[in-house]
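These notes open a run of structures that come right after.
Both of the next two complexes hold subunit A, though its partner changes from subunit B to subunit C.
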Partner chain A sequence: MKCLLDGTSVKVLARAIHSLAKIGDELHIAPTENGLTLKTVNASKSAYSAFNFHIPFFLDYSHISENTVQADPDDDTVIKCKLPMKSILSVFRSIGSLEKSVETCKIMLPLLEALLIIEFKCKHGIVKHFNLRYFECESVEAEFSKEGYPSKFSCSSRFYSETLLSFHSSTQEVTWSLAMDQVHLSNHIDDEIDPSKCVRTEVTLAKDEFIEFNVALCTQVTFCLKELRAILAFAEALKLDLDCRMEGAGQPVLFSLQKEDLYSADFLLATLSPALDSTVSVSSRTAKHEVSASNHPSPVPTLRNKTDSKSISHGNLLGSRNGSRVNLPTPSVRQTSVNDTPENTSRLNSLSLIEPHPFPDMEVDLEPEIQPPPAKRARARYIFQNCLKSTQEFRERQTEVFAPDSEEDE
Partner chain B sequence: MPNFSSQSTSGDQSHILMIRMDNAKIISHILKAINFKENSVFCCTKDGLKVTVEDMKSVQLNAFIEPVVFQSYVIKEEEIKFQLNLTVLLECLNVFGSNNLQSGTSPALKLYYNGHGTPVSILLEESGVITDCKIRTVHFDPVLDYDFGSANVIGRIIMSSECLKEVFCELDSTSDTVQFSLSPDSANFRITTFGHSGTYHVDIPKESDVIETLHCTSAVSFKYKLTLMKPSIKPLGIAQKVSLRIDDTGLVCFQFMIKVEDNHNCYIDFYCPADVDFEEDE
Partner chain C sequence: MKFRGKMIDPNCIKQFIGILGCMTKLGKSCILRITTTDLYFIVRESQTISASPLIWCTLDEGHFFSEFGMEGLSTVDNEIYLEFVAENVARTLSALKVSGTAKSVKIKLTKKLSSPCLTFEIDLPSGSNHSRLVVHDIPVNLVPRRLWNDYVEPEVVDPDISVHMPQLRLMKSIIERMKNLANMATLHVTSEGLLTLTVETEAVSVTSHFDNLHVEKQKEEEASVTIELKRLSNFLAHEQLNPQKVVCDVLQSKLMHLNFLSDSYSLQYFLPGINDQ
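The block that comes next holds the complex of A and B.
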């Protein structure tokens, strides 16, 4: 692989790498005929992100490695590799100084040397040359399609950021409740936290705020903010719009962005599945049938208690952008009854990723990780009832945790 | 203009060294750049003031301040040497605040020393407020005398210090050593690091507008401990130009030219020997 970029593209590339570095520890580089793909997966495999830089993004691009005798683009001439984020970050550390000094950047994966070579041609004729060691490996793939998501909405990344500003910086997960005409965001309260001691934040975004709003299925999903913040850091710096596709709790959400024909990026984030306790991955299968009776939950969270004044909903002064406006809800909060949150243990699903190289049997092993979709918007109360019924057999299998809780990733 | 002329009384007679300057920031600006260790040796001769700070008997920073920089420089002996804590001296000099060279008011300074065993006295005056400090001196330890004969110099570069500073600041800190390479064939000054994630080179071509001159008589390639190179970054930050010389044993000497008021220049020298284990490192 060999490519040449100009100064502005280098800046975009550096921002993409910074964003990926906030998600995963390893950067996968996969050159293809259509461009260069940079990917990462976080340690718990609950977030996958991929940037695709298309050919017009480069001044010059060739996905076949040099020094090949035959120009036949069979697989052997294309090197796919991964390298630690730390080493690639040491090259793209300071976006400011890259912007100031770099004129062109050449990235090469020569076939003969096992090195990723990055060459910056800077001002004053200075040439910076980085030879990075890498691991050769098949690139990680996530199976997903942009089709088939019942709900899709998009708005500017600035708008998402402003919305997230309402949440306290320590907020780790946010629950997105989709309704026909609005999106309702609230911070997810962990069962380990005393519900009476935490701040609850809720923000409602009306349909008009979005560039595109198409919710076919009212649902409620919860996922980590950390990765979303990493995505927004990139998208906001480049003033891009962000599409969001959602299906339901336990099913991954897909964020994607696109800049003309230059580059695009997809971020697949696992969502929490409401479950009984830490045995979800097994129990959710059973839970599905039981809960499926409650097929038609109302689009608005039912467990609301407006008279509960103990918890706080803190709105935020969100600057209005282009006349857009964030509807702050009246101080309304969920009931903090013991029956609700403490028992409603949730767990972050793992994404199903195809990573063929390390273990040949991986694909088989991964099967149980692909969790059956838990019932859409299963109400906590309902699960709680389940919990009371028969859980012993599930408890015995508590060791089968396929991915650690996302909180431990920090 | 604040000055101490009115205070110059009979006490002056016993001072073997008396320095007076209207802007004490100049001296603190220079000394701050060499303050990578606390101990400093002052050596005053009629040619000026030389302050030496060294570490591990290998790296050495010397600041030279010529007598013309001072409003008055009176020395009654051939050579006066004393050692004092540079950090303390800088604290005293910045007692009125340590804003940068250009901005704000600047205190006037009078410094005198009465000979071995006596403290260094400093009088600072700013808008009528006077501070009187006495800093204990200690018996000085001999400092290394790098005999950097120009005959042995095999490589010499004069370049913009800003550019070199940028390169130095971006050096891969996971590398133990940094290598400087020059050769008569390739017209490049190459700086190489050997970090955990790989080898990084920075090539600065001879034709570059940041390089004033680049000479080398034979191929030069020496490694230096990166940690020992660190003290050179501060002087690089305040200098206008830097001259880099490497002799045949690998000893490198950076000379930083620092412009101070009235078109006077002060100089800081930095010496660092090559990494002796360089062959085994390969």
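The block that comes next holds the complex of A and C.
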């Protein structure tokens, strides 16, 4: 991939990266024919964010990485990569100084080296060159469509910001209650805390205050403010309107924005699943217990299929046991009800994150095999997924020998 | 017990928020006393070495509220004493302050979730003639009648010397730096209008002089008191009222008293002196 940006576009890109940095710790870069996509997922897999920069955004854009040493059209591929957010954030850290000095920016993903190359041509002939090494080529995808949400409303990002000002900055989650003619926001109080001891805040927004307002279902949705603030930071700086699509408690919320044909962004946030009344007190205790028990890093890294192929990527993002906050989803979009067990009441449902799966028919075999209750079934399936695969991929990996066996005979 | 008040004047709202903001940063819990004519905010700082500093603020309801109604504990004791966690109110108000001018603010004593709350209903203007309603419910405790005597209005101070303080902002920044040297400082006022603040450490002694201050009252030629700079600095840091006049009364070795003078409210800060061994 190779692209060239002018000064104003660099600023937009920098703001997008800042916004992504507030959400997740790793940046996924995926060039496509239509443009460049930057994506991230947060640690608990409850927020997915994707910025799509279309071709008109760039001065020059090519999604294919060419073999520069030996021009061989068969070798050209599309490289996707994953970088720690810290490294790319350090390049785009100060938007003010980027604004003042950068004239053009070239970003390249060469074929032969695992580097992300960023080159700023600044005023006074200064050239800043950054080589960011990446080690993994996984990708993350969320399957969602913009249609099919019963409720949709949109308004300027400043409007959302002003509304959120009424909530104290330490409020973590806000419940949005949709009614036919208004939206009612209130701060969400954790089950474990006595609500009569907390300050409760409510804000009512009338239908007329929105640019577009279309609510089909009266419902209540609760999600984290942290990611929404990251979205608003980007949208407000560029004075964009924000669309919000909601379905119901437990289903993800989709925020999207768009600037003509230059760029667009989508943010998928998981919401709290509706609490099951009878088991609330018991579940909160078990939930607490589970949190302390599973504070170790999830098994994801060890089971992840690391590939060194540049095009096929198997990011394993079926869900992580991050305390009990996350329900392990099944790979299809609408099966979250399977995982609604008593232990996980009113916890954030993780998004149904999917990645290109090389064995698409496998899931069908698993369902009838396993007897234990849904959560355990999902967990077991996840942990043993490699064993349950019909075939195993064994690839001869070329590894460089750094230190030969000291006991080897010559 | 009932209480209901409504404020519509933007200046009054701003002032009220300023006062509340000032109070609520200074102690863990704050007492609100409501009578038929006034609102009193009382904050006693916790964790004190000696007698506690006290903030006493009186608000004239007639000035602030366009509508005011209250019904106290009984016809004999027609007052309401509420206790609330200062932080809760501070948080709510910081949100209010940032969101610009409110059209009206209604404060009510309500019972929600079977416990008493102070409800702030704020009417915010928003684009094109709409108004947005924001409701904050702050949990409060009713103070029982037998404890009312703890919150009696302090006696009027009969100072040895009383001067007008120099610009508070100036004092604030100087005290801020001096407190890093030592916590105990000696405040010395003379009848010529000279106020000095002295800090001493092993290595150095620093004195700030403010002169040409207007002297209000003088019983003695001079008076001095040892005070804790940390507390004074804390108070001044959160003070956002910009009063026109602040009077400083000093009672030899006993007390430093700051009195904010204004038409509509009175704020008093009592900082007891520390007795050196």
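Operating definition for what follows: the second predicted complex is superposed on the first by the 273 of 410 C-alpha atoms of A that agree within 3 Å, B and C clash if a C-alpha of one lies under 4 Å from a C-alpha of the other, contacts with A are read in each partner's own complex, and residues count from 1 in each chain.
Just so it is clear, a contact is a pair of C-beta atoms (placed from the backbone, for glycine too) under 8 Å apart; a residue touches a chain by one contact, two chains touch by 3 or more.
Here the structure is a predicted model, which means the values were calculated and not measured.
S.K.: Kindly say whether there is room for both subunit B and subunit C on subunit A in the superposition, answering fit or clash.
M.R.: Fit.
S.K.: Contact-wise, after the overlay, does A:Phe167 reach subunit B, subunit C, both or neither (first, second, both, neither)?
M.R.: A:Phe167: touches subunit C, not subunit B.
S.K.: Regarding the shared-chain residue A:Asn34, is it in contact with subunit B (first), subunit C (second), both, or neither?
M.R.: neither
S.K.: Figure out whether A:Glu209 sits in contact with subunit B (first) or subunit C (second), or with both, or with neither.
M.R.: Second partner only, subunit C.
S.K.: Just subunit B (first), just subunit C (second), both, or neither: which does A:Ser196 touch?
M.R.: second
S.K.: After the superposition on A, what does A:Ser90 contact: first (subunit B), second (subunit C), both or neither?
M.R.: A:Ser90 sits against subunit B, while subunit C stays out of touch.
S.K.: Touching A:Thr8, do we find subunit B (first), subunit C (second), both, or neither?
M.R.: After superposition on chain A, A:Thr8 lies in contact with neither partner.
S.K.: On the combined arrangement from the superposition, state the nearest Cα-Cα distance between subunit B and subunit C in Å.
M.R.: Minimum C-alpha separation, subunit B to subunit C: 10 Å.
S.K.: Taking the stated contact definition, name every residue in subunit A that is touched by subunit B in one complex and by subunit C in the other, in rising order.
M.R.: Touching subunit B in the first complex and subunit C in the second, no residue of subunit A appears in both lists.
S.K.: Which part of subunit C faces subunit A closely enough to touch in the complex?
M.R.: Residues in contact with subunit A: 88, 91-92, 94-96, 98-99, 112-115, 122, 124, 126-128, 130, 132-139.
S.K.: Provide the residue numbers of subunit A that touch subunit B in the complex, in ascending order.
M.R.: So the residues of subunit A in touch with subunit B come to 83-84, 86-88, 90, 93-94, 97, 101, 115-116, 124-133.
S.K.: Hey, which residues of subunit A end up touching subunit C in the complex?
M.R.: Per the stated touch rule, the residues are 159, 162-163, 165-168, 170, 195-206, 208-209.
S.K.: Enumerate the contact residues on subunit B facing subunit A in the complex.
M.R.: 163, 166-167, 170, 172, 174, 195-205, 207-210
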